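Both of the next two complexes hold subunit A, though its partner changes from subunit B to subunit C.
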Partner chain A sequence: MLKNYFKIAIAVLKRRKFFTFISLFGISFTLATLLVLTSFLDKVINDEYPDAKRSRSIYVTGIEERGKGTRSSSALSLGYVNKYILHMKTPAAIAFHSMQIGTNAYHNGKKISVNYKFVNSVFWDIMEFDFLQGKPFSAQQVNSLDKVAVISQDLSDAYFGIGEPAVGKYLEVGNDKYRISGVVKNVPATAYMLNGDMYIPYTLSQDNPNEQTYFGSWNAVLLARSKSDMPLIQKEYEDIIARLPHSDKRFTKTLSNADEYLDAYMRAGNQDGKSKTWIYTALGIFVFLIVLLPVVNLVNINITRIMERSSEIAVRKAFGATANTLVYQFIVENIILTLLGGLFGLLLAQFFLWILNGAALLTNVHLTLNLTVLFTGLLICLIFGFLSGVYPAWRMSRFPIIKALKA
Partner chain B sequence: MFRHLLKLIWNKKKHHLLLVVEIFVSFLVIFSLTSMLVYYYRNYMKPAGIDDRNIWQVNYYDVTKPKQIDSLRQFYAMMYQQLKNTKGIEEVSFVSNNTPYSANMHRSSVGINKRNAENTDIYEGTETYASLLGMQMESGRWYTKDDMAGKYPPAVIGVALKEELFPDKNAEGQVVKVDDTEYKVVGVVKEAKYRGDFQESGKSVFIPLDTSSLKRNTTILMKVSPAVFNDANFEGQVYKQLVSWLKGVNIEIQHLDERHRSMDRLAIIPVIILLIVSAFLIINVALGTFGVLWYNINKRKGEIGLRRAIGATGMNVNQQLIGESMVIATLALLLGCFFAVQFPLLHVFDIASSTYIIAMVLSVLFIYLLVLLCSIYPGKQAAAIFPATALHED
Partner chain C sequence: MIKLQNIEKVYRTDTIETLALNGINLHVAKGEFLSIMGPSGCGKSTLLNIMGLLDEPSNGQLHIDGHTVTKLSDKELAGFRNKRLGFIFQSYHLINDLNVLDNVELPLLYRKVNAKERRRLATAALEKVGLSNRLRHFPTQLSGGQKQRVAIARAIVGEPEIILADEPTGNLDSAMGNEVMDILIQLNQQDKTTIVMVTHDEQMARKTHRLVRLFDGAQVQ
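Right after this comes the complex of A and B.
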């Protein structure tokens, strides 16, 4: 039966080449756009470098205090991390790191931009960086204020030369020389919470670990023993915030969240939680518009094409085909068409990605079509084919036989 | 004629509904795109107001500064002299961190009596700020050291703020309130596009750094001579010099023109992506509309044949069919304009209403043109139908 439908579908496609072209053009382009979008989202959501234990990590990215007509919001202070977060009981391990700090290195008549981050030693246990050379610095090195650094491959290539060994050598930034303890694979710019060119012990930071303010430039990552422990950690953190004294008399309300990865990612520093809804809405509207026009277009064309086949349909009806059979047949035909369009769309998407990757809009972000993306593409194809086939098929099934046979 | 066309369309309303929806959605897409393009274009045509050539921005953090007010002022005066004496550095200004093309913002309401301009950008900088950035005065002058001795500290306001606060009088000599402190306006400066070529400049006020801003100051702007601007060795020397003056500090030197370029790129990339996507959507719609119109005409051969037989010329038939498509387009556009007009009415984004109106007119014209192009060929085909063959078929 399916084989028959397939044959009919191909025959119909061959009949009016112009309409076939329009349909395929619409489908393939829509699919290509959606595939590129999926590929980007996949990079953001599913690329687990360097935080491979993401599924059982909790992220605390900031704190906000509000009072009447006033509001302060920022990342955490080192004092706050020390006093409140490091004393939490439920997490198995607690890493913290500063946000990126920009500086320059001048070497061999060249200027190199360096973004560095202060981290504690647990950071290396929770994150799973790919060490191309050397190893991370230890807790002991952190405590003894050793000037050691782990750098990215990009920085190593720029400073020491491409492919040159860097471990044990010194890199000069500011007034200090740092001994390289390891070189790691570059972190893509999409992992904006964790990327950097250079990671150094947090004890070298000027921040006072006992400072009273809550506002600073630090983030914390809390590792749960298991997935089921995550609500416990979130509960404990909520309790801490509920009991937290206000840092100033002006303030009456404190907001800070212990988030799972995606929530933290989309929060982007906003403790209100509105940005997530906003991003989802914007994305939804974009996808809706991208899909709506081609679907309406395809429905239009499909109806036109069905009218052409009125005599075929009438004959089949006359010989006893039920409305359901016809609807089923038409939807299958349409899905075959969309899958064919999907195939072209795949090639088109590969081409778009090639251009996007070539343009290097985001550093170290290489977008690819992997299995997840392909599977999403297939799903989109099926939904697309179904949506654009249902209405025309319904119209077709109610076609008056006599009128059609008369023509 | 028009009523007749409307009747014809109404008789086949179910048939035309999808076409109306398609044109309506296309209009919305085109409208959002043209709004963006018109907005960008109008901003792009305004003068930049800033000369970004040969300027370095130095960010420095974690400096231990003197606590006493007098020694703090001395600290900065000395740093200024030392930098100014360095060969290759032409001008130096200490500024707040919301420098041109940066992501930092400091906004507040600026007012006089009961009149308040909300969301005004507040820029702080020493006396050399305007000359360093090449900003032009509209009237009055920039503040100098002598102004600091007066009853009120001095301020310079942008043209947009002047228009809002003092639409029909001179701004010079007026007193405005910025963040609870009163300032005396000494000049009006031409608007400078702080957020790149494609964004509006907004309202702005420029004030000198007071003691508390000096305490938390982290940013220096330097104009250097063109010969050393891109010289990494010279930059390295200045960097080392600063590190040794300001012990235990983190320093970053950025080039203002690079930041300008990357900010413009950030603004233009989404537009390019939207442009490509919309272009394909519109090609898609155009082909679809063309196909549907073409097919409809083939189906209406009998009707057209009859019209020809009772005396309509080919031209008449052509006009009728194009007219029909135009009426369909008009219906969709009326619906579209109803939604589009909500944007300027409700002030959804902080954009001038005229931008929306221009965008709306352009989009309407574009859609008409598109529908016209799509119906020319089918119309011509219909005009070529011979009554004899057409009537013979049925």
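Right after this comes the complex of A and C.
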């Protein structure tokens, strides 16, 4: 029976080439867009370089204080990290790092843009950077304020030459010279909390570890012993926030969250959680609309084709097809159409990604159609086929036989 | 075999009510070849459609082989049509996207018959109507007479007890019409298939066992 449906589906596609083109173009273009989007999301969610222990990591990215008519919000101060976070008991390890700071380096008269981060030595234990040369700096080097640095492959290539050894050499940034301790594989821009061109000991920062303000430019990563320990860490942090004295008399409420990766990624500085909801909602609406348009288009085209196929419907009914059998047939046909559109969509998505990767819009981000994306694409095709087939199929199946025979 | 009791069919619109069939009482015996004649719009096809369970009567009872079929569900009706009835239409109603063999197989798709058996039965039905050399042709590649023979093969492939033919020779010239009629007579005589045929052609009607005439929705002969 499926073979019969397949033959019919292909014949129907061939019959009205313009309609077929519109349908397939709508499906393939939408799918390609969704596939590019899912490829990006896949990169954000599933690319665990360098935080491979992401599944048992907790991220504290900011703090917010509110009072009557006033609100202050930013990343954490080094003093806050030092006084409240480093004393937490439940995490197995605590890393902290500053946000990116931009500066320039000059080499052979060439200006090189450098984004650097201050980090503690535990940062290298929690993160699993891929060292192409050398090794991370040690706790001892951090404590003794050694001017050492771990740099990205891109910076190494730009400053020392492509493929040239960099470890032990010096890199001059601003007015300081740093001895290169290691070179790591580039971190994609999508890992915005962790990426940088250069990582140096936090003790070289101008920030005072005993400062009283809560507001600064630091983030913390708390590693749990196991996934089951994560709620304990979150609870301990909630308790810290509940007891935290306000940094100024103006403030009456303090908000700060210990988040899992995706929540921290989505929070984007807003501690009351609304931005996360907005992002999820906006993404949901975007995907819904982008799927809805071709579905409506397909429903429309399918309904237009009802009259064309009225004789076939009537004959099938006359010879024993039930309404449900016809619904099944038309859904199968539609799924065949959408799978075909999906195949074109995959090719189109591959083409879009090739353009995007070539344009290097996002640093060190190479988007690919991996298995997750392919599986998502297949699922989207099936949902497409089902959604755009159900209503026309239902209408077709209830078409009175006599009316259909006379049409 | 087919028993119609006081069958009425009324078509209603917002402003007008048309009585298409008015108190039809008819009994078609098993193995009978009955023809129905009458002027255009007299209700012949409506009557045939009601007998074929393609349309519902507004009033009255329809019994086929002892079953009251006026209250069956969509699924039951579909099953009944599939196993017991075969249809032949004036304009053939073949599916142009399928080849001859696939068209003839169609009724068997809705039974639990495997592909090999379907192929065998469809080929046999096409041999019966003299079209075994056109299995892979598409309907658009056939003449009117050949199309109607494919339609007959489709109607008989499931070996139904009853064939309902709505002006099967209406679109054919006399030679082709006679060919089709000969096949129907052969089916009736050899396989004892009950046939009810609507026709405008007096000559064709005379070849059947009995003729029923309708006028303005009522039986006049």
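Worth pointing out:
Definition applied: the second predicted complex is superposed on the first by the 406 of 407 C-alpha atoms of A that agree within 3 Å, B and C clash if a C-alpha of one lies under 4 Å from a C-alpha of the other, contacts with A are read in each partner's own complex, and residues count from 1 in each chain.
Simple rule for what comes next: contacts are C-beta pairs under 8 Å (C-beta built on N, C-alpha and C of every residue); 3 or more make two chains touch, one makes a residue touch a chain.
Keep in mind that this is a model prediction, so the values were computed, not measured.
Of the two partners subunit B and subunit C, it is B that touches the larger number of subunit A residues. When both complexes are overlaid on chain A, the residue A:A242 reaches neither subunit B nor subunit C. Look at A:I290: by the touch rule set out above, it reaches subunit B but stays clear of subunit C.
When the shared chain is aligned, subunit C comes close enough to touch A:F319, but subunit B does not.
When the two structures are aligned on the shared chain, A:L2 is found in touch with neither subunit B nor subunit C. In the superposition on chain A, A:I401 makes contact with subunit C only, while subunit B stays out of contact range.
By the touch criterion defined above, A:I355 lies against neither subunit B nor subunit C after alignment on the C-alpha atoms of chain A. Looking at the shared chain after the overlay, A:N104 reaches subunit B, while subunit C stays out of its contact range.
Residue ranges of subunit C in contact with subunit A, taken from their complex: 49, 52, 54-55, 74-75, 78-79, 81-83, 87, 89, 93-95, 97-98, 102, 105-107, 109-111, 115, 154, 158. Residues 18-19, 21-22, 25-26, 29, 33, 101-104, 106, 109-111, 113, 174-175, 206, 289-290, 292-294, 296-301, 303-304, 307-308, 361 of subunit A touch subunit B in their complex.
Taken in their complex, subunit B has these residues touching subunit A: 18-19, 21-22, 25-26, 28-29, 59, 61-62, 232-233, 235-236, 239, 243-244, 247-254, 269, 277, 280-281, 283-285, 287-288, 291-292, 295, 299. On the subunit A side of its complex with subunit C, the touching residues are 1, 3-4, 7-8, 11-12, 15, 311-312, 314-325, 401-402, 405.
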